[in-house]
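Below are two complexes that have chain A in common, paired first with chain B and then with chain C.
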Partner chain A sequence: MNSPVLEVHDLAVAAGRKHPVEIVHGIDLTLRAGETVGVVGESGSGKSVTMLALMRLLGEPLHISRGHVRFRGQDLAALREPEMRSLRGREIAMVYQDPMTSLNPFMRVGDQVTEALLVHGVDEGKATARCLELFARVGIPDPARTVRAYPHEFSGGMRQRVVIAMALALRPALLIADEPTTALDVTIQQQILGLVAELQQEMGMATIWVTHDLGVVARLVERVVVMYGGHVVEDAPVAQLFAAPQHPYTERLLASLPNPTGERAPLAQIPGRPPLPSEHVEGCAFRPRCPQARDVCAMPPPLVDRAAGRAACWVPPHEWSA
Partner chain B sequence: MLDAAGLVKRYPVRGSDAQVHALDGVSVRLDAGETLGIVGESGCGKSTLAKVLVRLVDPTEGRVVLDGVDLTGLRGPALRAQRRRIQMVFQDPYSSLDPRQRVGAALTEVLAVHRIGSPGKRPGRVAELLDLVGLPAAFAERLPHEMSGGQRQRVGIARALAVEPQVLLLDEPVSALDVSVRAEVMNLLVRLRAELSLAYLFISHDVAMVRQISDRVAVMYLGKVVEEGGWREVLDDPRHPYTRGLRDAVPVPDPTVAAPLTATVAGEVPDPADPPSGCPFHPRCPLAQDVCRSTVPELRVIDSAIDSAIDSAIDSADAGGRRAACHFA
Partner chain C sequence: MILRGTLGHPLVRRLLEALFTLAGVAVLVFVMLRAIPGDQITATLGTEAAALTPAQRAALETYYGLDQPLVVQFWTWLGSVLTGNLGASERSGRSVLEMTANSLPITLELAVLSLVVGLVLGVGAAMLSASRPDSARDAAGQAVALAGLSVPAFLLGSALLAVAARFLGYNPNAEQFAPLVADPALNLQQMLMPALVLGFGLAAPIMRTARSALLETRTLDFVRTARGKGVPPRRLQVRHVLRGALVPILTMTGLQFGYLLGGAVVVEQIFSVPGIGRQVLIGIQQKEYAVVQSTVLVIAVTFVLVNLATDLLYRVVDPRVRAT
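Up next is the complex of A and B:
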């Protein structure tokens, strides 16, 4: 068993200092070296905020209200900002949905990758050659010419390849990818997923893949963390999650998807809507929509061992009504 | 009922003589009560097609005929009268609703503009419309920001239904919604279609949703329809290499399904201002031969491989056959 790269314990995020409203309620998450974990959730589930929190990138009024994050045994809360900055990019890299979050529109794409290398101490002579290598590796055609292009001359898919080149330039131990293919066409998404899977194998980095798309998760990750209303509701190996979900939200979510082959049937509906981040639900956050809800669900369910994973539900699957 | 033939839409490219062929000879037919799914990726022309069909945009060439009336030449009141019969539902109901207007007022306004019912009867009609899309009458008092995405999309649908159209053009109607909310809107569309005998043009990049709701499917690529036919033949037994690649690129929410390791469609969509010679798909096509580089394949009738599937055989007979634009289909 590998030692964990990342250990998140009871991480909570609140908005506002005077009258703080908690929006992420005590997340536990452990990632082993080289492991790929999917974090799945709908809008308002807290998945993106959690990622920003563990990178220490929250902007006011959001702040970490409790819990801790250990990266390779080091407590990230104890690091000063310059140390944290050097860690980001070098050891923890992030790729976002919109590549322009990471790119400077006025700078040639090659210069941006080279600069990332220089900032982290690669010498100038090597940086240019390494940049060309990276462009070729992430599948950007004709690197010698395209390094001189500006971001606007690139398609969305090519920009995301540049961001991936930049993120992986320093061989980080952890890559956090937050919906990096959501804005892309499905054929381009497939190319990017394949590329990241290959690079991950080559470099052995741990990856957190944040997405709302259960297809992407099934394709790419070993373990899935399902978030709902600012909580982790299930954490399970991917095969088990799809075959025998242990939380009613996971089960309903899977049932609501159209069948990709075979017969068509009406889609299972989940009444209501996900809670807003500011909304407080007494007990289990899924209770108002849950077909399995009982009286006990008025108390917050702890995340407990269930089958080969964990689930935060008072009612185990064998007690579920059909 | 809706018959559009030879639609061409070209846009000039700023600062050059080039033109973008947003639509390059597209014909679609929609029968009463039928759902035609239009699927394709960005830049394929599917949204331009919707805009041309409702005359938000005039086609450069081609005609749109609704129940024997040519919409292309109509102006003013005559156009407005025909427009009632074909309504559009957009992806993001938030951007198509006035943020300061209550739902009831928005629906009443549509009725007033089209002079439907007397002013006294309109509140009752608003309640009926809300009920039709599964919302309580009290929602008439809501503002757009006081509703969830799913509820807003229901209001968007109610507004389109206010003028009692025969055809709804649904442009990515569930793409902006949360996964857990998509199912209810999809099921609502299926119910309304049956209750009101509506015909749908369901436009989406989402192959799974198109498969879920369509009777027939047309696949678009670079301004052209490359394959069309019954939903099952096109999506379960595709004959055009683009349809096959597109379908196989969709990640299946089932980890036991072996996903293709290599991309099923290589490369990127070419610049629509400078489309490839011959078949528009040839630079990305695994089957491309010399003929594909030189000769544009016609959209022609091809045999169906699923002869045993009686339902799809009937579908394709009704639809005038299954067609693909590929030299090797």
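Up next is the complex of A and C:
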């Protein structure tokens, strides 16, 4: 239980080869077997890019520019493509952000799930049977008929169920769910979150929940990693993070959460916007928007142990001005 | 309600559209022939028509129906065309229907073979090019495609024939043409060079379209999903990338069918293939107006039908269209 399934060390992603622009600036992240971790950050903070880097699915011009991704003892960042391929879908699987585009529109949904099994050597008969089983398990009605449907005949929620069935077909050790519900209606969101959480417990796989909404994952994860501008700025157990955030950005994120009546405190919005990868910020990336910024922040803050977790900020909470 | 529902169906609409196009084609062919100086009498009798007395001329006009109003003439002509009477060659006396029954299948065979050559070459080259964009391989592929676009069929055809016949002593096309059913081996040999020439011309635009469609499809989310499942490269290229690029490739191929029919006229002439293109050319050379008129109509109808077939193919290729 305590041995890490995934150990990411100093992982950086850059765009372009000649004049590379760094997008993710040396991420550290550890997951133990069966652990659930939330990765939280505003749009553009590099969450998807990091997750795709873990799967080695970055498309041109993005590429891993440094760092290690140790998965069950192997460094994925250094693995040859055929070996990486045999891990994808079998050991590490992903549920994507937009179910409207993540399925092949020309292929029957059942075939797309079956394919996930076939390419890893499951024979045709077994794959077909398992596909029906999976459809039933993820709550798609009438599997015998619906496996023959094409994606456009399905609603967004049903498509996401197909993607989930595909990801879980081989009971991977690590599941990456990259904002699996942002593209869906609110009611459907809850169903899908519930479904993945249930399956996660059932299969005991380590899971990374990516979201830009802390409220969504609070109940689902043990630990939260907060990203800002391509950096990890805080990493702490969820209770600790909510009770005593160690980074001003986390504090602002929590303050902007809707209160129990569902309203968002309008003043808690963080003014400004996150930096673009092309904009170089001297020192701490959050400095231009940080209410606690001071001179020392002109130097990049390291991610250091703080209380029960870690944070990258020069100014500890007891020194924060209100 | 039911009628409106049926008429609203895209398939029904497409069929009606094709019918209208066909009607338009019929009018056009009819008008074109009336617009050409001289009439059927002049065409039939040649210079002797000048020697006709007004009475003789009137009698002939009545015989050919030329004294009737144009609209009546059109309906009479359309009626006879629809009942399969396409007129006859004045010279040989053979009916155009019979001539077409022989020549059209030959041209269709040539078209199908050329399409196969064009698709295999074009899509194959595109897949090689797209697998390494901007590499030497890509540049070579694109250069060949450019050549295919710029070398006219008559030049390529004549060159091929000259090289094969003179230097290799191989010219199956010098022999009497063998229909496919009579002598498949000789027939296919005789079709080889013409199909290569036409297919090469087709391959170029197909290659360009396919290359950009493949490059675009590669970046789509669903291809990434497939990679995320662990789908190996070959399967990925065929089942996901090529499959996703099929619609634009099909569209381009359908558009090229007009080129194919036009090219057939030239290529059939060079390689002595007695197809429908050659039938038109001979008709023109021998001033056989009935033959030209009816053959042009047949070609136009074929073109409309092929376009219709292409549209129907979309429904097979794209399940999203099938649903509507």
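Keep in mind that, in the parts below, the second predicted complex is superposed on the first by the 311 of 322 C-alpha atoms of A that agree within 3 Å, B and C clash if a C-alpha of one lies under 4 Å from a C-alpha of the other, contacts with A are read in each partner's own complex, and residues count from 1 in each chain.
One rule holds in what follows: a contact is a pair of C-beta atoms (placed from the backbone, for glycine too) under 8 Å apart; a residue touches a chain by one contact, two chains touch by 3 or more.
Source: prediction; values computed, not measured.
On the superposed chain A, the positions of chain B and chain C stay apart, so the two partners fit side by side. A simple residue count on chain A separates chain B from chain C, and the partner touching more is B. In the superposition on chain A, A:Val119 makes contact with chain C only, while chain B stays out of contact range. Of the two partner chains, chain C is the only one touched by A:Gly59; chain B is not. Legend: residue contacts after superposition of the two complexes on their common chain; A:Pro274 is shown touching chain B, with no touch to chain C.
By the touch criterion defined above, A:Ser155 lies against chain B but remains apart from chain C after alignment on the C-alpha atoms of chain A. By the touch criterion defined above, A:Met107 reaches chain C but does not reach chain B.
Rounded to the nearest 10, the angle at the Cα centre of chain A between chain B and chain C in the chain-A superposition is 80°. Residue contacts after overlaying the shared chain place A:Asp28 against neither chain B nor chain C. By the touch criterion stated above, A:Glu7 is placed in contact with neither chain B nor chain C. Of the two partner chains, chain C is the only one touched by A:Asp98; chain B is not. After superposing the two complexes on chain A, the shortest C-alpha to C-alpha distance between chain B and chain C comes to 5 Å. Shared interface residues of chain A (contacting chain B in one complex, chain C in the other): none. Of all the residues in chain A, the ones that touch chain C in their complex are 52, 55, 57, 59, 85-90, 93-94, 96, 98, 101-107, 115-116, 119-120, 150, 152-153, 163, 166. For chain A in complex with chain B, the touching residues are 42-43, 155, 157-158, 185-191, 193-194, 212-220, 238-239, 242-243, 252-254, 256-261, 264, 266-271, 273-274, 289.
In the complex of the two chains, the chain C residues touching chain A come out as 219-232, 235, 239-240, 243-244, 246, 317-320, 323.
Residues of chain B touching chain A in their complex: 41-42, 148-151, 178-184, 186-187, 190, 205, 207-209, 211-212, 236, 245-246, 249-257, 259-266, 268-269.
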